[in-house]
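In what follows, structures are represented as structure tokens.
What follows is chain A paired twice: with chain B in the first complex and chain C in the second.
For the complex of A and B:
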């Protein structure tokens, strides 16, 4: 293992690997990625694999749109031989209350202004897009046909392979145990396999970013929250778009392989790092999905798992260098949508670390916004 | 082929039933797994793998492995190794991953 590096990235998820690749592409090749288990073992490999641009805040819209532009070219850009399984059959967001329609109108205004081609549609139009949708109680829906799916494992592997070819060292089963400081300056990272001399560390630890923050004496304004998922046996293509409902707190998509992946947000979920799963989840979500999509009752569930959302108070990520700890960079708090904005996050963080001009201004996503009280709440999280 | 004499297990002779497989009329014993009746009829290929189209035979025999998924009476993804045979069943090879019936 190397004993020094210009930049050490903590976290071998899609965000860490995307930052590593972008650093190397911009010429900074002396980079180490530390992953305590295997690549994608955290939130990336446990996520719902959806990619959407239909967000309710300017920054989430901008990041997700720019990332979608990248996803569309990712195979070529990273010279990755396996299809990343990009599927752009849209995201259909169901509205069951008038106030949801009002919120969607606001979101769509914002999205359209930023170049995202979303629109409000009627229940019959929604049924045309998803014929097996039960329209009971449905008032309308938001739809963007360019949203969809990509395979998080392949996307991460594509970034990791490309980064390695440029000289980045990725150490799996290598856990960051402490960060050494002299005054307010970082001097090194201690791992279970030895010490790495560095003055720049990137916290891309997803659900464990709070623990990494503690290592430099920070109490970061993030917390982790378990979200459970289940997946069915595969069948031939039936459902084009990802369908989500904030009212019922669920999302459900058929991935290119044919399986339906679905999950729900539980408003009573306690904060913490628990990634166990429960039979109650299977029961609750099966009932919801069965009501909304009666034909899916025919499918068997083959697996369930859970992962951690790393939440911030405004459900937007924190992308910045920490002023109190120079050389400590944050790419954390993705609040359940890190995978879909990882490509642009990788670009912007690499530029930030190298002191380059940012291709997208992200100062609104700094750490100081919480103290300043300048929060713009993202309303559209399942 | 059917084992009739076994040192430990005794086989009770069951009622013979007719069923259709892939357009042919076959006979088996009521209540035995569909896969057992097909095996007795010499049918060894139960499925083709969805991606590479390779033949798949009788494998786990306990409903775990997906090697024997067939369409039975119009229903896809039936695990024939754990599904009892009944008189008049229509059993068919499944093309690809199976279509769920949107009419249900």
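For the complex of A and C:
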């Protein structure tokens, strides 16, 4: 293992690998990625694999739109031989209450202004797009046909392989145990395999970013929350878009491989790092799916699992250098949508670390916003 | 054993495809799974796991007691969304 590096990135998920690739591409090749298990073993490999641009805050919209532009070219850009399984059959977001319709109208205004082609549609129009949808109680829906799906394992592997070819060292089964400091300056990272000399560390540790923050004496305004998810056996193509409902707290999509992946948010889920599973989840979500898509009732569930959302108070990520700890960068708090905005996050963080002009201003996503009280709440999280 | 025999029946993966992924760096069953989907099908690895673990041991030199087992998750056999939603057996 190398004993020094210009930049050490903690976390071998899609965000860490995307930052590493972008650093190397911009000429900074002396980069190490530390992953305590294997690539995508954390939140990336447990996520619902959806990529959407229909968000309710300017920054989430901008990051997701720019990331979708990149996803569309990712296979060629990273010269990755396996298909990343990009599918763009849209996201259909169901509204069951008038106040949801009002919120969607606001979101769509914002999205359209930022160049995202979303629209409000009627229940019959929604049924044309998803014929097996039960329209009972449905008031309308938001739809963007360019949203969709990509395979998180392959996207991460694509970034990791491209980063390695440019000289980045990725150490799996290598855990960051402490960060050494002299005054407010970082001097090194201690791992279970030895010490690495560095003065720049990137916290891309997903659900464990709070623990990495503690290592430099920070109490970061993030917490982790288990989200459960399940998958069925594969069947012939039936459902184009990802369908989500904030009212019922669920999402459901058919991936290109044929399986249906679906999950739900539990408003009563306690904070913590638990990634266990519960039968209550299986039962509750199955009831919702059975009601909303009666034809799916006969599908067999083959697995349930869970992963961590790393939440912030406004459900937007924190992307910045910490003023109190120069050289300590944050790419954390993705609040359940880190995968879909990883490509642009990788670009912006690499530019920030190298002191370059940012291709997208992200100062609104700094750490200080929580103290200043300048929060713009993201209303559209499942 | 021939290289073109299928080891993972659910996902139609040959021994050669599995060995190639191990040679490309996958050191555990859970890593292989994320790269080539072995063990992600209807049987969730119950048919192929032991054969695939042997290929991992053969190529990486890890011993059986060093090799982590894949994480088990419910349901232990596939169940329909209808049955799962109906819930407790004693309610029937």
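Everything that follows uses one rule, which is that the second predicted complex is superposed on the first by the 382 of 382 C-alpha atoms of A that agree within 3 Å, B and C clash if a C-alpha of one lies under 4 Å from a C-alpha of the other, contacts with A are read in each partner's own complex, and residues count from 1 in each chain.
Please note the rule applied: a residue touches a chain if its C-beta (ideal position, glycine included) is under 8 Å from a C-beta of that chain, and two chains touch if they have at least 3 such contacts.
Keep in mind it's a predicted model, so treat the numbers as computed, not measured.
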Give the label of whichever partner, chain B or chain C, reaches more residues of chain A.
-> C
Which of the two partners, first being chain B and second being chain C, lies in contact with A:182: first, second, both, or neither?
-> neither
Is A:40 in contact with chain B, with chain C, with both, or with neither (first, second, both, neither)?
-> second
Should A:236 be classified as contacting the first partner (chain B), the second (chain C), both, or neither?
-> first
Figure out whether A:99 sits in contact with chain B (first) or chain C (second), or with both, or with neither.
-> neither
Is A:283 in contact with chain B, with chain C, with both, or with neither (first, second, both, neither)?
-> second
Contacts of A:295 with chain B and chain C, given as first, second, both or neither | first
Which of the two partners, first being chain B and second being chain C, lies in contact with A:372: first, second, both, or neither?
-> neither
Do chain B and chain C touch any of the same residues on chain A, and if so, which?
-> 233-234, 296, 298-300
Can you list the chain A residues touching chain B in their complex?
-> 131-132, 233-236, 238, 258, 294-296, 298-300
Touch list for chain A against partner chain C, complex = 38-41, 45, 153, 157, 232-234, 257, 277, 279, 282-283, 286-287, 289-290, 296-305
In the complex formed with chain A, which residues of chain C make contact?
-> 27-28, 30-31, 34-35, 37, 40-42, 44, 71, 73-75, 78-82, 84-85, 87
Chain A contact footprint on chain B (complex, rising order) | 50, 66, 75-77, 96-102, 104
